[in-house]
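What follows is chain A paired twice: with chain B in the first complex and chain C in the second.
Showing the complex of A and B:
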């Protein structure tokens, strides 16, 4: 049996997916990247291998992706997360035409063709506005666990708009709103709106989408999803583990390159 | 400028410099032989500037100004934008920009302006020393920034400023526009005579006009050699080799230089010598060069078999300046300088780019969005969409400044470039 691994080293988390030759996901693992990329990769890969009951030398081809891809010396090939998210999303939801990935330090919107190849893409520029990091900082301000942040926003009855898209300025705006005793859920709803408007801008630069798949950790945030669906006027495909889509795409590329070589 | 005895000094200086042998890069073709000649011309130009004060009148000139008129009066010309590019390539952008920011100039101001003002305030430059101007000569055919920037210099040094105002071309150039521009030239001449202490000569003017036109035409032919595959040069070479047509235009040296460069390139085309080892995809660049990344990127692209063979930027000096015609020197000069890409409408730009994409058989377009240069960067997303619809060309937009790398995000840009490569390689 041949096996393939995809490793996605993002700024917040590292994911590994192991596939067999029939594209079946044998195992996966997710852990925090932290300050030491090499350690995070070793740890996550080790976890995925032990879950699959495989020794490392059983992996026939490894593709690395994500911002840390260059620091994985043993990878057979490095491919950007843009191509990998496209491929992963296409594999899970073959009708996907647009992939929205809201990640820790950047967000991207990718238009793909019927084979999962990238037609066009847009990314946020140099700033945390419209990324997962923005929401994380704000959750910190409210001292709410990030996993509950989206659900809280759904309780809002009267959304308060946040005018600043800059993370630092938005934070001081939020603090003054808190000081005025505005209800937390209304402010939080406004913060989610802010992220979604930035992302929606990117969606429009690559063209009005057909079926949409969301990847990345923020896909688990119902507050973001609901607002995006409001713009799209249709439901979004979301996998139970949206974070592993990049690693899955990398593993699919690993198989493709193994067979090609 | 034989009169200044500089060539001997220059040679002496060259002798003192030890030549480091460059290791050949396997992804690049053989380097252009002309590069040494170019370095000599440009070094000499900057070197002479140290001795020019008093010997010749000195003018600081914007890149799109009708310099041919100044040449009649024997002005030695300094191009702050060219100097800005030099500072950028030497990675001095942030340091010199901050000298202007210290005096309250906003970081959103064009970084060429910040470098130039920063240099004026601090004297910082990699070129030794630039001679103070006797005249500031500014043409607003490239942007409005230059107007305020040159006004600042004029105020700071108390130096006369001449502005040449070119009406924006919304659709077709009007006769009244031409008349308006020609009348400005007529007004300038007595002022130029006074500042330079030299008389206007019609005969000399016509000769210079021909030289300028010829240099621009020859530069156009130089660029056109890249229509061949493999292209004998890359746009990264052209970014460097454009210096004479920008800043020495109207002088015999620029025309002579492009003649030998053209000869070398034609020879390479004949022998099938490419600028990069394996030209697999051909790209076009839109906007000014990112000067501090020139070397890194020329390698990054060459490694993947991608060659930039066209750019709207290098093309700007081949597009209209050859309209110069000694038969109607003033009218043709008005036309040549008011129809440049940045003073022309979007439809024009779109058609120009469409033509280039076809002629150079372009597989992908890289658009640089440049906060410094608003007139160049406005409308780029529409251009990208329309070119995509009409020609199906794949386009990448990246953001960077041409000299100020404090806003440059290495990792993000690298990921975008690599994703673009993957997109085209499929």
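Showing the complex of A and C:
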């Protein structure tokens, strides 16, 4: 049996997916990237191999992706996360025409063809606005666990708009609103709206989307998903583990390159 | 010899030095008055002092130009020339000349914006004469025969650059992207007596088969900065097949004309230049120009590599991208700072684009 691994090293989390020759997901693992990429990769790969009951030498081809892809010396090939998210989303939801990936460090909107190949994409600029990091910083300001942040936004009865798009200035604005005793859920709803507005701007630049799949950790945030679906006027495909879509795409590329080589 | 060493040497030889801000100006007139135009695009400085005078949303071309002056690195210059390229450069001219009261003489050059008509040609011709009149007060009279000779040299440079661009477009230039632009940009300060032989030598040394099978792209924008964009494309095996740079084809590839009257000649040259955002060219003209570059080179996509906050460029890009997409031409836009390298995210964007067109 041949096996293929995809490793996605993101700014917040590292994911590994192991596939067999029939594209079946044998195992996957997710862990925090932390300050040491090499350790994070070793740890996450080790977990995935352990869950699959495989030794590392059983992996026939490894593709690395994500911002830390350049730091994985044993990867057979490095491919950008844009191509990998496209391929992973297409594999899970074959009707996908647009992928919205909101990750920790950046967000991107990717248009894909019927084979999962990228035909256009847009990516946020250097600042953290419109990313998972923005929501994480704001959750910290409210001392709310990030996993509960989206659900809290859904309790809002009167959304408060946030005028600043810069994370640092938005945080100052939020602190002022807290000082005025504005309800937390209303401010949080406004924060979610600001993320979605940024992402929606990118959606517009790549054109009106058909079926949409969301990937990345923020896909688990119902506050963001609902606001995006409002814009799209249709439901979004979301996998139970949206964070692994990049690693899955990398593993699919690993198989493709192994067979081609 | 570095740019600075060259300019010092020119000064020692008795030539005058004029710091010229971007982008379009009649350099033949300056040459004919024994003036070396030292263009100011992207001096390698850290911006500290200029931030006190300019808001954060001003592009780094303007900020670096002001920084150069504020750091007193222009002492060798005899003055400045400010072409009316965009609002920011126009206002920079005001800040430098009217508010900061620099001790250096400042000259201004207003070129007509599209759509062009007969009045625009008259204006341009007259404005050339006005510029000469202003310069003569400081640098002495212009000899008409010398002007004709310098126009001839300008045409020679355009012909050599056109040959260089054509060879590159045909894949018959055995150099990297970085080497190409390094050569082209020598023209931003070399006197024609030196630039012409350098171009001729470069052409004869590098004519030859380029690497086959490389993905080809067209670059568009103001200038190919940060330089890391070129080395990244070199590393990825991507050939820049042509450009639509303000610093490049938009002002360098001027069709030759044989008009004897120097003012008619210079006027004809200006109006024959490729379309440009800073000249108010229409989206249709600009898109058509990009289509031609893509068709002629077999490029698979266009990368808009544009200085952050460059309003003339960024206003055009959404429409240009739309027009290119209609023809099935892939596009990528990058907003870059001149001298701050490429972030990991920028590298990812470029790599993903190369994967997309590969």
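Assume the second predicted complex is superposed on the first by the 261 of 261 C-alpha atoms of A that agree within 3 Å, B and C clash if a C-alpha of one lies under 4 Å from a C-alpha of the other, contacts with A are read in each partner's own complex, and residues count from 1 in each chain.
Throughout what follows, a contact is a pair of C-beta atoms (placed from the backbone, for glycine too) under 8 Å apart; a residue touches a chain by one contact, two chains touch by 3 or more.
As the structure is a computational prediction, the values presented were derived from the model and not from experiment.
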item: Fit or clash between chain C and chain B when superposed on chain A; value: clash
item: Chain B versus chain C as contact partner of A:32, first or second or both or neither; value: neither
item: Which superposed partner A:118 touches (first chain B, second chain C, both, neither); value: both
item: Which superposed partner A:106 touches (first chain B, second chain C, both, neither); value: both
item: First (chain B), second (chain C), both or neither touched by A:83; value: both
item: Intersection of the chain A residues that touch chain B with those that touch chain C; value: 67, 79-83, 106, 117-121, 123, 125-126, 205
item: Residues of chain A that touch chain C when the two form their complex; value: 67, 79-83, 105-106, 117-121, 123, 125-126, 205
item: Interface residues, chain C side, partner chain A - complex; value: 318, 325, 330-331, 335, 343-345, 348-349, 351-352, 355-356
item: Sites on chain A touched by chain B in the complex; value: 67, 79-83, 106, 117-121, 123, 125-126, 205
item: Chain A partner contacts - residues on chain B that touch it in the complex; value: 381, 388, 394-395, 399, 407, 409, 411-412, 415-416, 418-419, 422-423, 426
